[in-house]
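First chain A sits with chain B, and in the next complex the same chain sits with chain C.
Up next, the complex of A and B:
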């Protein structure tokens, strides 16, 4: 890219009179390398800043005890508690951030910062919690399970975004599909009285909406952002109307058979870990399976190779005989199934069934996870977990009467996403043709 | 295999792109398909590769009629296309790019069998002498190597008929020579090759048979033995064409542009132009030769204000310009014909008139108080369109709908519409047809004769030698030599281009 010159003539003139300076060249093999280096320096700086911040907090935490508890066998059962001096937690976080800053600075672009953030996040959240609780006991079993559960709709929604964007369709309509999936899932389950019909109906309806969206974008080349926005707004309008006019007065249509958590034999008996990891909603295990499955499909199979080709350079795919249009429709069908399925979790996991705007922006957080996870399903799911943790922390704190405005924590995913999208802390590379209609010939 | 196209006709709204075109190529033969831009070559190839369906006419392979409904069917029939704009995925590696669409797989999920694919690519590239690293990312490869990947793609699909659309447009002379070697080798091995180009000496160098297209129809057929460049040019354009630029001796006067110790960085922060020192005088053309990517682009961008000067001075008639904005530089009398007209030369989607005033709209004759004077703009554009022979239905036509040659004429007209003291022309004739090249060259020489200094940057040695009163050669950011036209022989310049200064 050409760097545009800024009219700073006076300042420039000064530097120009200096003798031709020896330049350190060959920092990399192109603009990309340079950009990556800058980004890694910015990251190193940010980590260093966090180091200082946590050092300051460490200083001020002497004498405070962080008290945590776990339920051993099941939620609400016997519990075991322990306490840690908060100062110790913060010292650990400080060391962690310091190490990250140093490694990031030394290793440059090759430092796996996403992983590092993933590793330090739990400690940070702990330390933050302990500091904020200021001596009150927090039960972490609930905290962790709600983190994992929150990641279900966000993680599967992100998967839907990844599949469609890898094929070249910019899919901002995940939120709308979640809503539709939630409503249809609830209705289907209520009418049939069979639990499994809820997710299936949600997925099918999500697929229909997705195909409609694809039809607008592929056949009529409607701007995909606009089409997606129409679907999101339309979904909110339609489901709200349906709720007020149908589901509320005839509440028998909104009494779904909930999909209850399952106890995985043996594993769920493990003390402490069992209630957290192995007694969750079946949706969670399906989500993990889907993430692994699609990671394999995208990176290791012919389908994935073609999908990525269509999203990067559809002409390259088209000229070797791949039917790009058909491929994109199929990808959108899959994305719709996934998003609708994710939506059904929202209304079927709890007790209340469907409610107005029940997805509450989780579809947008899913898109944030797509970007944060660099269009990789595993990373995106990791991002969903981090976002889930912020949500769980908010719930925990407000439950214990600690009053910090929940909006601050809840806005974290978006703030992180904006920083990532701006390319400051790390270059993420979207599929090159996502959002561009395909023109053959 | 023998391929025959019979009376292919294709009508687009308003244009008869192909008018009963018949061509044929035998097994192991190289057919040179010559024609100007807009002669219908690309349409014909899109029909052959299954992207378009002809309105009428037949495609015969070994005497049997074939109908291609989509690219897959053309590939199955053994037709391999190497498109002018490469059809490669930048983030894929060579192996993935070659096998895409015909991937070896294993297992129930259709897992991509990378090991097999890689082995096939290695074997294929060995067999045909097309050296590429199977694990290299496409985006890291130079253009010449990318083209080899494209050819491998076609060979991987067992193409017996290889179609190359303007393959040399992006190549350096050396790479073009390598490509010719590859083509000859493939033909010897029994592959039929269709080589599409508008470059006369290329068809003479590589083809066994030449078919010339003009305005959508076959204008004639010949062989390289019988043909001369002049005769081919006449067939292609439809009239006699002057292939050499006629110009009087230059009347050199005082220096206009003086560049001293100029250092310019590339996007990666490396030194792209390394202490360049030269001057261009009134009434002369200084042609800068060099293999693409040796700092020419950055030099031009620095001189025209599009890129920061790191250090050094640029002076235009005593006025320092190294810290000037593009507008200041333009207003000081610099005309800039950019290297990439699509990116830096015009705004597609805007009309010819709007493009014509793109860098003068702020002048009082075109606007007052922020309002454009449409009448004055229209009048000036009408005049320019007439003067520069721009073929367009109207000055309010979207510039994107013009041919490349006519777009370039609009750009040249705009740049020459101001007071011109220095012309900076980067690859001014890239991708243009013979008629337009001739015209643009004449206009540039006119500026020189009127007393302007001219700096031409070109990777085409022919252009450099035809136009330069002096020839500067750039190699790895340095100006490794400046020769007078008399000393500037093909050999000497060629050696300098390779960095050999003796």
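Up next, the complex of A and C:
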């Protein structure tokens, strides 16, 4: 890892930056450009469809009031509530979708639809909530904080996936590492009684598991999907076994020192925003820091350039003298640290400690976020936030007794992932060599 | 003699893998025992012998749970035809075979996909959707609506359709737009679980009255699969026979039919297969349809015949285990059936081990993971056999 940035390396890094997230205009020839144009037309059609749909909902929601509330100073303190006519919210969403459809059609493949979806989805969620709540007051502080908190394990897990896949290792084992991180984190914190040991132990154990994975995949050239399956099955087996055999009967090993939310001085006193953004678990701020750090590392440093080279063209990278094998081992080490750390959040954030299958598929949602975010840390974190919103909405609605089948909302991340992988709303391209073993000749 | 040698070399790696994994499992039992760990410093020999004794007790319970208690079997033999004694003696082995039925089906299903070069890890989802199909057919056509044989046939057809439809999605996406089947099948597994949850908690037609729990009605009231053993207390129904017939059919299809040859060719070398005029897209979709159909058939038969109820977690760890079964069985139908029987024995033996010694059955997942790792890295496994301490050369392609 080189921290010093050399101008040449940086310039080279910059030129490669654009390659994975290639944006071409609607004009151009060649199969790729054609395909992108078609995809953008499909997107425009979809957005137009959404416009019509939301127009229909706008029509049907006259007279309904959407009631929302915020906690002003802290959760459970004084609150401020307000109400908006639902029809207004939906009108805004309709206009938004209409604009997106028009822009998408006119600008073609160069339209930044990911950003547009990111911008419109909060409004959409608002409008949906208001419509579904049908007059009941919803507290949005809780809604937003749970959205942000949900993004912690998924976002960091996605980061782990990005680092390993950029190096050319297809990593479906994030789920298993989350589980290991959660269990080891809980045990370490319970034994030592020091809160900070939990995340550290989780991260270290995640790294060990990750190295085992890398060893199978690189040394023995085990198919990386099979190796990932080994880790996932093994993690479920080992953690459940250890839970039933040790943690449950001897519960002193499963009473971790919880890592409680921190109040950031001054900022947490800002009314309304304070409780949402600045009174969260320290994990959240670390997650944001990690995402920014790795975005810089991947796109702006020599290490990042080499990492991407190993993932795209390992043979070329090897020819110019990059030790691809060592680089992949290191990337897997980092990915393991990240995933184990993310896992420790799951067992240390609440009071319950570790439980059977406590990660509940969040590692696979992280995988979805990797793809939805086109292997870019910031986008992937955004995807984690969007997935978090659907989860928060499910909790909110079921808490208020609104009868919408929560299973549909809970399936959203998986459905969205399939749509994205299928390239229906915009093709994403995985690092070219992710999943292929590398022969160092 | 030559044939025996050949057979020996074929099962060397799988047998070794399973044995080593079981040994590691024993170590795992010993070193997760708090009493053993506590005594390790003060009295290491005593602690270790305590641990080894416990592991031996656990494995002997596993053995008795898998094959039956030698003592009970002896009594049954001596009793000269006492049905009750015979039922007790044979129950473990029969239940082990019953436990292997879903593994045979899903193992065969994923094997067909693996042979075509598609990593279908959606066995669990396809099995679940087959169970959904079978359940709906049982509820709609069972309980005297149609004659029993027709109802059973419809259960099977609906299961096949459910599984095939679920497998069609990743197959189509892979063939037409190149979407990675690994990702799509993982996602579809989750969606299938949520879909069952949705079905069994929202529809009066399916949900068990008084509609509190998210489970379906008891299916034994609608369709009853006929048993095949003369002792009524032993529940082994026709699904094992259907499973074996399916294995024969898959074997014939893969190794004797033109279409099967094309699928295997596509799996071995897609580019060469294309050059020889084999449509890659059609191969992928066909393989996925067959794969899903077999898993779905299994889901329908097990849901209706063995479990007799549809619930969101119906697939359990079948999806995982089936991958192990397919890989250990070398994706050959005969190997799959043999491995599924071994894993079925472990499964049922493990449940007795859990009841009698409190060692959680989840140990099997860990053992399966190890077995998959060993099978996928034969170099590693054979290395253990030769000399575990010798460093292997760094790279083969030098």
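Heads up, the rule we're going with is that the second predicted complex is superposed on the first by the 413 of 441 C-alpha atoms of A that agree within 3 Å, B and C clash if a C-alpha of one lies under 4 Å from a C-alpha of the other, contacts with A are read in each partner's own complex, and residues count from 1 in each chain.
Simple rule for what comes next: a residue touches a chain if its C-beta (ideal position, glycine included) is under 8 Å from a C-beta of that chain, and two chains touch if they have at least 3 such contacts.
Not measured: the values here are computed from a predicted model.
When both complexes are overlaid on chain A, the residue A:322 reaches chain B alone and has no touch with chain C. When both complexes are overlaid on chain A, the residue A:418 reaches chain C alone and has no touch with chain B.
By the touch criterion stated above, A:216 is placed in contact with chain C alone, chain B being left untouched. On chain A, the surface touched by chain B in one complex and the surface touched by chain C in the other have residues 440-441 in common. By the touch rule above, chain A contacts chain B in their complex via residues 1-5, 7, 9, 12-13, 15-16, 18-21, 23, 25-31, 33-34, 296-297, 300-306, 308-309, 312-313, 315-323, 429, 432, 440-441. On the chain A side of its complex with chain C, the touching residues are 170, 172, 216, 220-223, 225-227, 229-234, 236-238, 240-242, 244-246, 249-250, 361, 364, 367-368, 371, 405, 407-408, 410-411, 414-415, 417-418, 421-424, 430, 439-441.
Chain C meets chain A in the complex at residues 28, 32-34, 119, 121, 169, 173, 177-180, 182-184, 186-188, 190-191, 194-195, 197-198, 201-202, 317, 320, 323-324, 327, 358-360, 362-370, 372-373, 376-377, 379-380, 395, 397-398. Residues of chain B touching chain A in their complex: 46, 49, 51-52, 70-73, 75-76, 81, 83, 85, 87-92, 96-97, 100-103, 105, 109-112, 140, 153, 157, 261, 263, 265-271, 275, 301, 305-313, 320, 322-326, 344.
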